[in-house]
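Read from first to last, the chains carry the letters A, B, C, D and E; within each, the first residue is number 1.
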Amino acid sequence: MAKNNKSKKKRIAKTIGKAPGTGGYVGQKQRDKTDIEIHEFAKDSFECIKTNNVEDAFKFKTTDQITWININGLNLTEEIAKLGDFYGLHPLVLEDILNTEHRPKVDEYPEYFFIVLKMLYFNKEEQFTIEHISLIVGKNYVLTFQESEEDIFDSVRGRIANPESKIRNFGADYLGFALMDTIVDNYFAIVEDFGEKIESMEDQVFVENPVESTPQDIQMLKREILKIRRSVFPLREVISRLEKTENPIMEERTRDYFRDVYDHIIQINENIEIYRDMVWGLMDMYMTTVSNKMNNIMKVLTIIATIFIPLTFIAGIYGMNFEYMPELHFKYSYYVLWGVMALVFLIMLYYFRRKKWL
Amino acid sequence: MAKNNKSKKKRIAKTIGKAPGTGGYVGQKQRDKTDIEIHEFAKDSFECIKTNNVEDAFKFKTTDQITWININGLNLTEEIAKLGDFYGLHPLVLEDILNTEHRPKVDEYPEYFFIVLKMLYFNKEEQFTIEHISLIVGKNYVLTFQESEEDIFDSVRGRIANPESKIRNFGADYLGFALMDTIVDNYFAIVEDFGEKIESMEDQVFVENPVESTPQDIQMLKREILKIRRSVFPLREVISRLEKTENPIMEERTRDYFRDVYDHIIQINENIEIYRDMVWGLMDMYMTTVSNKMNNIMKVLTIIATIFIPLTFIAGIYGMNFEYMPELHFKYSYYVLWGVMALVFLIMLYYFRRKKWL
Amino acid sequence: MAKNNKSKKKRIAKTIGKAPGTGGYVGQKQRDKTDIEIHEFAKDSFECIKTNNVEDAFKFKTTDQITWININGLNLTEEIAKLGDFYGLHPLVLEDILNTEHRPKVDEYPEYFFIVLKMLYFNKEEQFTIEHISLIVGKNYVLTFQESEEDIFDSVRGRIANPESKIRNFGADYLGFALMDTIVDNYFAIVEDFGEKIESMEDQVFVENPVESTPQDIQMLKREILKIRRSVFPLREVISRLEKTENPIMEERTRDYFRDVYDHIIQINENIEIYRDMVWGLMDMYMTTVSNKMNNIMKVLTIIATIFIPLTFIAGIYGMNFEYMPELHFKYSYYVLWGVMALVFLIMLYYFRRKKWL
Amino acid sequence: MAKNNKSKKKRIAKTIGKAPGTGGYVGQKQRDKTDIEIHEFAKDSFECIKTNNVEDAFKFKTTDQITWININGLNLTEEIAKLGDFYGLHPLVLEDILNTEHRPKVDEYPEYFFIVLKMLYFNKEEQFTIEHISLIVGKNYVLTFQESEEDIFDSVRGRIANPESKIRNFGADYLGFALMDTIVDNYFAIVEDFGEKIESMEDQVFVENPVESTPQDIQMLKREILKIRRSVFPLREVISRLEKTENPIMEERTRDYFRDVYDHIIQINENIEIYRDMVWGLMDMYMTTVSNKMNNIMKVLTIIATIFIPLTFIAGIYGMNFEYMPELHFKYSYYVLWGVMALVFLIMLYYFRRKKWL
Amino acid sequence: MAKNNKSKKKRIAKTIGKAPGTGGYVGQKQRDKTDIEIHEFAKDSFECIKTNNVEDAFKFKTTDQITWININGLNLTEEIAKLGDFYGLHPLVLEDILNTEHRPKVDEYPEYFFIVLKMLYFNKEEQFTIEHISLIVGKNYVLTFQESEEDIFDSVRGRIANPESKIRNFGADYLGFALMDTIVDNYFAIVEDFGEKIESMEDQVFVENPVESTPQDIQMLKREILKIRRSVFPLREVISRLEKTENPIMEERTRDYFRDVYDHIIQINENIEIYRDMVWGLMDMYMTTVSNKMNNIMKVLTIIATIFIPLTFIAGIYGMNFEYMPELHFKYSYYVLWGVMALVFLIMLYYFRRKKWL
């Protein structure tokens, strides 16, 4: 991890002092070819093209259909620059599209909305993935820029293909909403999954024997929840600004839907806060468990030592070699001694029972 | 629990990417038949009908009486959809009625208020239950949608039956208030009960012998208070918005009553915060108790070891087999030795007393 | 305590679902007779009556003097209802007068201010008492409703009797202020007393030997400070609203005085926050003290064990019965051995001194 | 301390219920004579008088010079009352001047500003002192009321004596600013000194051997920082209101200077928050140090016990008196045994080394 | 460190009570000569001069080119005063330029903006350095005042030299932005580096053997993050005010760029908060590790003691010298005894295994 970070640092270092609007791709996902996926549709028409040439997308702009161009891969900065040129995107927008470390935000330009989000999902290898995704929502087009070709938009694609769906009947703003709604819906799954992790960690701490790596696992949960939180928390403001904008690109009827997404975001944030509290509490509980184990260890030691040390002392007494020790010569001394020892033993046992140590 | 969550996750996963307004029932309570309970009343008339056919409710809309339709069970989504159609409810409203995970909120539509609440009560089996309940409050109708047929509204039903009551003399908004007031009043009982649980837990930690499961119980209290908090906290804003609305559905005189409910909510929230503080403090106290027990264990060990180890050493000395050990041959050596040992023993006792270990 | 709470819960349960405005007396103080105390005064006249008949108070309303009616006891709800009728009080006001669990607040009605406060004082038995008190401040009358006949208003009564005093020369609003000012001034004494308790607890934790009940005592302090805080904190807003009201009942000149009370409330709240911090810190310190004690116990054990275990081993060696052990037959073996043991002992002592354990 | 508090409590108790505006001197500093120090100056004239008769100050009011009257001692309430009469001060102002427990604030009256501050300094005996100081800033006069004759204004006196200084050339508002600026500048020294105390405490906890009184010292630091914070924190609002006032007493050009003081206050508050965090962290570190010491103690015990207990057992075996123990009669048994013991010893040593306990 | 602080305290003490606008240089970096670096450029012209005479800069003011004067060293207060005179800077501005303890802020004057920042970087010796830097941004000039000659502006210098760059084509406000942008970009590198330190500390706590100095290292990280936070946090407001100013010095097009910087600052602050949380968590983890080590130590002790103490007791029994002990005379007693001991040993082993201590 340290190594990984060091290389990122170098990458960042390289961009320091560059004129703004010239920052390169900062993320870590490298792909071989950029898939450009173009959906072109209206109420009664629908076309879907996959291409590697970004210029294939340009012929669509003039039509009065709605165009969704999805760029799968941020490494081909050149192609993205062409697209930016064609749609008249501000240089700072292009920089932020490529800066995968950027936090979620919305910038309102007269011609379009620029929205930065984090797509959280479990990828094909079932690994938790945070992917930087940018949306440009204009009057009749939506541009999306993803880091990898894997995504969570299949259901949206299905609804575009269905002529009955609202997406086909509403404007580009509704398509933008549908994409964001899908992303937010996925947060629920991620957060639920996190809740399960916490519960299984609780089981580990309480029921099973916590191992020495438990604090490390808890620390990893802390990191993860902080990462999720950082991706999700700023969305509250993003959605709120989209809901309240006066820009005509965002139609009145779409705002109701954003209000709905806003409710979801609030709920997700609440859950995250609760899980945060619980993860922090886990450490306390682990400490308690460790303390309890220590108590048990000490009890065993104390019981054994407290029983046998006095007995050993008694045995030691009659191991002495004094010439004049009358007890040594009585016939039943030995048996009496065993009796005394048994008595001491029983008193001890009784004492421990009363203390509830046994 | 983990299993339970997993299945919920799957259910949520199924709704991801669906067009909004098509989400299904997410809760876990399944009932066999939907009870539809219709109250129809005015100042001088009153009727109460139980039916399974939601269409029985529709004949009432045209009359200038006040109608309360109570749907007991969210599983019959079809029937609910019919009702939504009849009263012109927004698709997102229908979705939120069925989404039992939704947090409390109020949405104001021109024709009605849509209010989502959590009903907290102890059910017939005396189990703590959180039930999702939605209210639609219109000009002359109130619709309520509950998860199960059990509820806490019997007193409201009684007041409707009584022609002298305010409910009979005021509008639908007052009926809506009365239902919400009953829900909030119940929170007091729930929160008081939680207070008692904390106190009995404190007794367990301090007075009785805390057991190893205590941290687990404390953790469960933490979870419960977080759950209650999540259900109750958003209500503050809900009630505040109802109090301040300018929508004519909510009459002036009803607002005074909402202000009263608002005061109650503030008070409940304060109590919850105090209990939260106290539950968090419980863990500290448990740790202290554990530490104190450890101290006591160590004291016993130390006292026993400190007394007998030196004595055993002395005995060991005279168990040596050297040829020339003058003490061995004195006549009273043995008795003198006992005296020395007794002295050592008494000194130790005195030392421990002074240290207040005994 | 648990029992106490349970009965309160039942009482609360009884009021759930009742129409608002019909709630009964929830507090726990029951008295045999209601004292009604009437002060009637103007610049140049003064009369004080004690009676059991609330109707004795009504003849005063028409005069242009100022009337202060003080009801000592909330159990005679009937009499209070009559008074409410006579002065035209809102049903919700009457309900809140009787609800001793209600938090401090101010409600502004066109004809009067309704103010709920908590009176904190040490009663005749020197017990800390929280008493619910409500004030109605109208144009030329002040009504106060207390739980018990004990109160802290004697100085106000004295000032009313004094024709030179401001109370006699200003309006009913100033009398209301004087009563509230007296209540707030008492908070200082309560908070100071709490500060002393913390200090004596600190002494107990640090200087004297903390006992096992210390965490319990600390927990009780926590509860108490939370209770005080809950009574005092909302006052900030109450006073602030009285200071800023535009209602002509509250005259301009009186507002300056409320600003002064406001400053006091801020200061009390600050002190409470500081004491809160300190009480929370006490637990940490107790833990530290417990840990230090454990360290001392372990030191004693370690010193004794570390000195005598090796010595016992040496003694054990020469207690063996081997036929060929040359040392056993040397003349000075025994004395040499004592020397060796003394040496070991001294080395150990030196070692512990260097470690600062002795 | 407890005794001290008790007497203060009594003093406060005495003022409860008094009419406002009649509160007496609550502080603890008693002096024998009130020094009244009068500075009278204009651009080209300057006079400084020390007197015990407050009426000496009155002749100056009519002149169009600027007058600074500094009252050293709050015990002569009579004299202060005369001054209040002469300058037309509100009775509540006089009360707050004498109430040394009052928190910093500013009250704006048409004719003057009333400012309450805390002067923090190390007095002649190098003790940390918090002194209550009030300023009245009028059109052409400044009144200051201090608890003791010691203060930190010598530099201001010097600047008044210097005809080139801004104080001589600007109005009374600038003199007021100069005094407040001096007070705030002193906070820096106090806060820096506190930072040093924290560092030396850190050294004590880490490098040197923490003693058992360390938690007590940390607790004292906590108290002290809370006291400083309480004195300094409210100043933020005070200065901000002075900067933004529209009252013509405060001239435009002086506001720039108040903005500068405001910056300083923010910075001081930030430092205080940081030190607060650090003091709280000290307790954690002390606990860690205590735990580490415990670990070391336990290591010593464990090493000694683990080495010698098995060896003692072996010795015990051959101390048994069985008739038939072949080993006892071999010639080299004794030497072999020593070898075995040495081996056990070395294995143990190796084990502890590997565990890094040695 | 303590010594260092003391001397600073003295320095601060010296400035207390001085008239504002006369404060001297408070920082600790002393250089031998002040480098004055002058960049003079327009779209088609460019000149860069290094000089020691501040008056060399003055000839440029009248030209309609843009002038950037960079003062490397705050010790030559005289030269800075001349510059302040020439550009008409407010005395308080000059004071704040020299006060290296000042927190970041922006002051808006009609003729210029005065901006105080902290430059964070690793200097030539790879040490983390916080340098106080002030910017004056006027209509056609930018003045910068640094503590040392080392800085991070080389890339800006390069862009000025390049006639194609935006700096050459935009106004002085854009140059100001470029400098601030470079400073903010450097924060990323600093914060990333801090993240690496935390990770390596985590490794030290978890994976490697934490040493006793670990808490000290953690405490140092705490201090460092608090220092960084203090330098960076106030920038949020600074940039926000620059973005929203209505002063024409700041052109419309430059504001978009400030919005971009604002996003960066938010992101840096978020990262700092996360790292803060993590550093605080490190202490908990260290405690856990210490507790785990203690548990392991105690386990070893308990296992050894629990096995050998009973065995030693048995051996002790048969070391007694009673005349009548039948077992001593049986032929196989000794071997049976070994068997019994082996059995006890195995039972113990089994017990520890079941407890998972082995």
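To be clear about the criterion, contacts are C-beta pairs under 8 Å (C-beta built on N, C-alpha and C of every residue); 3 or more make two chains touch, one makes a residue touch a chain.
On a predicted model such as this, the values are computed, not experimentally measured, just so you know.
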item	value
Chain labels contacting subunit C and also subunit D	none
Interchain centroid distance [CA atoms averaged], subunit B/subunit C, Å	27
Distance from the mean Cα position of subunit D to that of subunit A, given in whole angstrom	43
Per-residue multi-chain contacts in subunit D, two or more chains	287, 291, 294, 298, 301, 305, 309, 312, 316, 319-321, 325
Round-the-ring chain order [start: subunit A; next: subunit E]	A, E, D, C, B
Residues of subunit E touching subunit D in the complex	1-2, 5-6, 8-9, 12-13, 15-20, 90, 92, 95-96, 101-103, 105, 107, 209, 212, 215-216, 219, 222-223, 226, 230, 283, 286-287, 290-291, 293-294, 297-298, 300-301, 304-305, 308-309, 311-312, 315-316, 318-321, 325, 327-334, 337
Of all residues in subunit E, those that touch subunit A in their complex	152-156, 158-159, 165-167, 178, 181-182, 185-186, 188-189, 192-193, 195-196, 199-200, 202-203, 206, 256-257, 259-260, 263, 266-267, 270, 274, 277-278, 281, 284-285, 287-289, 291-292, 294-295, 298-299, 301-302, 305-306, 309-310, 312-313, 316-317, 319-325, 356-357
